[in-house]
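Some notes on the structure that comes next.
For clarity, chains are labelled A, B, C and D in written order, and residue numbers in each chain start from 1.
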Amino acid sequence: MSGNTFGKLFAVTTFGESHGPALGCIIDGCPPGIELTEADLQKDLDLRKPGTSRHTTQRREPDEVRILSGVFEGRTTGTPIGLLIENTDQRSKDYSKISEQFRPAHADYTYTHKYGFRDYRGGGRSSARETAMRVAAGAVARKFLEQRLGIRIRGYLAQLGPIAIDKLDWDQVHQNPFFCPDSDKVPELESYMDALRKEGDSIGARINVVAEGVPPGLGEPIFDRLDADLAHALMSINAVKGVEIGAGFGCVTQKGTEHRDEMTPDGFLSNQAGGVLGGISSGQPILASIALKPTSSLRLPGRSIDIHGNPVEVITTGRHDPCVGIRATPIAEAMMAIVLMDHYLRHRAQNGDVVVETPDIEKR
Amino acid sequence: MSGNTFGKLFAVTTFGESHGPALGCIIDGCPPGIELTEADLQKDLDLRKPGTSRHTTQRREPDEVRILSGVFEGRTTGTPIGLLIENTDQRSKDYSKISEQFRPAHADYTYTHKYGFRDYRGGGRSSARETAMRVAAGAVARKFLEQRLGIRIRGYLAQLGPIAIDKLDWDQVHQNPFFCPDSDKVPELESYMDALRKEGDSIGARINVVAEGVPPGLGEPIFDRLDADLAHALMSINAVKGVEIGAGFGCVTQKGTEHRDEMTPDGFLSNQAGGVLGGISSGQPILASIALKPTSSLRLPGRSIDIHGNPVEVITTGRHDPCVGIRATPIAEAMMAIVLMDHYLRHRAQNGDVVVETPDIEKR
Amino acid sequence: MSGNTFGKLFAVTTFGESHGPALGCIIDGCPPGIELTEADLQKDLDLRKPGTSRHTTQRREPDEVRILSGVFEGRTTGTPIGLLIENTDQRSKDYSKISEQFRPAHADYTYTHKYGFRDYRGGGRSSARETAMRVAAGAVARKFLEQRLGIRIRGYLAQLGPIAIDKLDWDQVHQNPFFCPDSDKVPELESYMDALRKEGDSIGARINVVAEGVPPGLGEPIFDRLDADLAHALMSINAVKGVEIGAGFGCVTQKGTEHRDEMTPDGFLSNQAGGVLGGISSGQPILASIALKPTSSLRLPGRSIDIHGNPVEVITTGRHDPCVGIRATPIAEAMMAIVLMDHYLRHRAQNGDVVVETPDIEKR
Amino acid sequence: MSGNTFGKLFAVTTFGESHGPALGCIIDGCPPGIELTEADLQKDLDLRKPGTSRHTTQRREPDEVRILSGVFEGRTTGTPIGLLIENTDQRSKDYSKISEQFRPAHADYTYTHKYGFRDYRGGGRSSARETAMRVAAGAVARKFLEQRLGIRIRGYLAQLGPIAIDKLDWDQVHQNPFFCPDSDKVPELESYMDALRKEGDSIGARINVVAEGVPPGLGEPIFDRLDADLAHALMSINAVKGVEIGAGFGCVTQKGTEHRDEMTPDGFLSNQAGGVLGGISSGQPILASIALKPTSSLRLPGRSIDIHGNPVEVITTGRHDPCVGIRATPIAEAMMAIVLMDHYLRHRAQNGDVVVETPDIEKR
């Protein structure tokens, strides 16, 4: 398996390059009987879509998804779901200038080493364009998780460069182009981004994702712990350089008495664990945080080499996100949804539907 | 697959509970012809072994590994390698007191929810005792990576609670019980740990792992990027709550001009990427960092509940590591070795042995 | 994994129902650098296509395949190959009559039990229409196997009901609508089929498939022996009820002295093994044979029940193959190609490109 | 994956060579809570054990199995089950004579090509000795299938060379060393085998296996149909050259009206399908049949070559089964059990425990 499938029982396999004719995916393993329409997917795709504000790439893609199989009379059939998005805005001439150059911090250099040639069309398969399909597949998982299990997955921008966002008001997240949960910070974000764009530079970001309502018992130790699979899923998103669960790197300086989440008959007293103990969900909210690097497509020149090994100076023109973190929230949500869906099915395979009778303090 | 296999082509499947008769593993997919003896594995196992200093658990386990198959006349045969370590020090009475209690921040609560019963014998499968098998399997991968590809994988303690270690002298790492690369910090670590033990508390830690000599081209986008698989592997180690590649969370506040690693015909000028671009190795050293939480087995009482939902006060007596990070270095090295080995085979499957002719600046 | 992927390293995942908007597949793991055009696939698809003679279903499908990704400037890129065939002839009203009936010997009854509902549109996912995608994916494998390894895979009709075909003239196979290698038998086949069609009944068939030029060493014991994976692949084709390798069921009455293929420095003296020893290719031609049941879509009435459990009499009108075996040859060839391709990559992963220096008697 | 794992959710991974220190396996994915003791496994192992009659190899192996993990207080825990059988009778000198020879029709030649060296110790991994672990793992599956689902799996000798066995009396199968269900045929089998042994030759056989009580709905089309996975499992047994489901190759000459199993409210009227329609169980008994070739270890000389390519005459002395089919019945039963167990879990993952409300005619 060459890495284009995620999930073992809710298995999402994708294809498509940024400047090819289309993107697609197959979801194999979706349970039958789930109500599903193209509108369910489109809703999430529109949140990720480029060109919706001046702070993201101006590539214009309607990202209209078609369901080609696996749904009959409005419900999933249990057979594979085929999804397709045609690429419409493929202006490949934008990229012709750099067809023999390796852009610093891009995947050009490594893809060339791996496959033995250079697909210069806007990153080809390495472009973040493929994340559209993650969002579409994630929307299917979310539909199931919400309807059948009452699980809700939401994310938000927690930091953009120097601007940390501390206030969490879920109602604000979709009211601004940054997925920022604090409306007071939006003007600061806007002026920071405007200055950055003028400058020609880019910036990193941190995204938090939370899943509420996850039943205890999901996770497959020892290797496919729930947190390990989340780390896999989240680190596989373009530009991600770090993943934390719960306290994350904060635990390095914590003592055991600080970190351990004590329990009472009324529930857990804290959530340092981020909802995962021993690799298995505890019933508390799952908390994950990711770091996204600043994009490397800059108008500011950088030193590099060409495919013959000669030194060159690279400038990236064209349409790029100065902060890839901005559009990453729906992608991170989608990946968390896929992981939880997959683990729900894996748990059900081994343990059946039967709910174990133990004190469910997390539900109180 | 219930999560006890890691790797797709170099597939490591393990079994064993902390207080069962034995631990074992099967490595399927190891190439034939590698020189391998039990001593190769024992060397790494002895580094992880408990009871070697006063700073780790006093459980006494020789951790002697037997190779039961897959090696003939001193070389691997290409058939599955069976490994076995008998448990010798199984004092299970230590744990009888808490057989009906859920220890805070332990896997007791979640395992009970998942499987429907309580294996109270020292954590059963959730105990870090299983990591012995990771180290043994990792040793096989390291042997191949070193001999055939010249890859060297090494780790060290980067921080223990408040004590950050900044100086990196590889020669010091195995000269002290902390895997500390700065000999000047060892006395401070010793007195900190002595005080902590007296106190009955525990502490978190950060471990760094570095792989040098990795050829460019390893990694299987889009989901099984090299960094994503590393995140999976490292997050699957007991107590790990965060994983970083290269700049890690530092990239949140970086600008693109800071983060991008420029290239010249003489090589990369920095390594913010941590040796991975677009999910594929660049030829630079692979840099990973992990956060380990403080163990939750404390002599200081904590509030919890029993299996009937009644409130209890839990005190953990018995033998425990006050800083699980200390013995984590060989485990993290082993997991990185398994990931690299697996990706080397995956790359070779698709691309063959042929080395791609591109400017290999990373080798200069 | 819900069963819609075949192959581990050359992984083919398909989707699509007989009366949905499209069929598609993703091939993940195809090596980069292979010359590939849509015409390469179309050639094989046209051989499987319905409606090309009066002896097969009169459904009219152009089966035009589009390559949506994974090919750049005429060569595979190593990234996933997306393929799509739009369904054009979906006359679903043909099937409306039987929407509440279970057709005897069809998958209606079992699909309903499995998924909890009835997709009455011409069999939905269970229709042999999905085999178009097997043929398309197989064509990619065949291109690689032929060009890089000189492997040739060919099949033919070996028996149709009472008519056994003993003469094997490869040049004749594509000269008649039956894939019959003996031109003398074609008139007999034609009149038999004409009578059968008049009668309203259907008939079984046997297809043989041969792969020549397979290097020794392919196969992954103990479970994924080459013959076991071939059995899996071939038995997964609609209507197949039996698979043989080499002597097949003939070996039940053979003595060891008859069955064993003796060797001399000039090669093997026979091929009872069918090119596989101990689950690994021997370098001799791989010989497989399959039995295809008569289709159950008959104009002759049959006793059955409806979805409420009431007795009904079922008559299938509409367009059906009276001998599904006729169009099965390209499908069986495709599945053999996929298996060999997958095993070539699996072998290369573990063993590299290096050719083992042993007496290659099979090549003489 | 190098082929030593069978099953996706009930995953059995084995190791061990015929003359190494031990055989072992790990079962990952077994549901928790199943009563399981070593005696449950030993019962089946004793049926496969060599040396129990004069008609099988005289190698003496107690085949005593130990459960090393995954069972606690008499019940499975849901964590991996480790099994071990130490080899005790390893007389490797028996094989030293032929260490440089390729035995005709053996795996020597192909293993050497695959792995680049010759493990001359009685076949090494290619020996049927590994089937002991299949039987042990199958016994775990059978325990679950019987206790939880009421599924019963039984096999018998259907033909031995020229002697076809037509009468099926289940009570007789374990009353003779041949697994022959017709006591009247036993004397004929005995004299045939005595003559064969004297002669120094060997003979093929046919085994039938039947699973009763399988619920409808198991099977994962389109590639992992239940019959396709059975074909994979059964063809992976040493010496098997053919697999049939239901009518098998008989369907080649059947008409549709003969083959289709009509249904009435009181049940199916026949079982030509062998309990599988469209790749999914129908609720009728699953019927499989396999052909086993005559062993190639003969005292009668055969032409071959040595590892240098020189012609040699090979005579196999030592302890061998003149009809490997005789001991194959428990192995085939075990493989069928593993397949059904795996598919039960796969079905449950996607569809849950809920029984679909359709007319269950098969139960009447």
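By definition in this document, a residue touches a chain if its C-beta (ideal position, glycine included) is under 8 Å from a C-beta of that chain, and two chains touch if they have at least 3 such contacts.
Everything quoted here is computed from the prediction, not taken from an experiment.
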*Return the chains common to the contact lists of chain B and chain C.*
A, D
_Using only Cα atoms to place each chain's centre, name the chain farthest from chain A._
D
*Round to the nearest whole Å and give the separation of the Cα centres of chain A and chain B.*
26
*Between chain B and chain D, centroid-to-centroid distance (C-alpha), Å*: 38
*Please report how many Å separate the Cα centroid of chain A from that of chain D, as a whole number.*
45
_If a residue has to touch 2 or more other chains to count, which residues of chain B qualify?_
1-5, 8-9, 14, 29, 32, 78-79, 114-116, 125, 221, 346, 350-351
*What part of chain C is in contact with chain A in the complex they form?*
1-5, 8-9, 11, 13-17, 20-26, 28-29, 32-33, 66, 68-70, 72, 75, 77-82, 84, 114-117, 119, 121, 124-125
*Flag every residue of chain A that touches chain B in the complex, lowest number first.*
1-6, 8, 14, 102, 104-107, 109-116, 125-126, 130, 159, 161-162, 201-206, 216-225, 227-236, 238, 240-265, 269, 272-274, 276-283, 291-298, 300, 302-305, 307-311, 322, 346-347, 350-351, 356, 358-359, 361
*Residue ranges of chain C in contact with chain B within the complex*: 8-9, 29-32, 78-79, 221, 345-346, 348-354
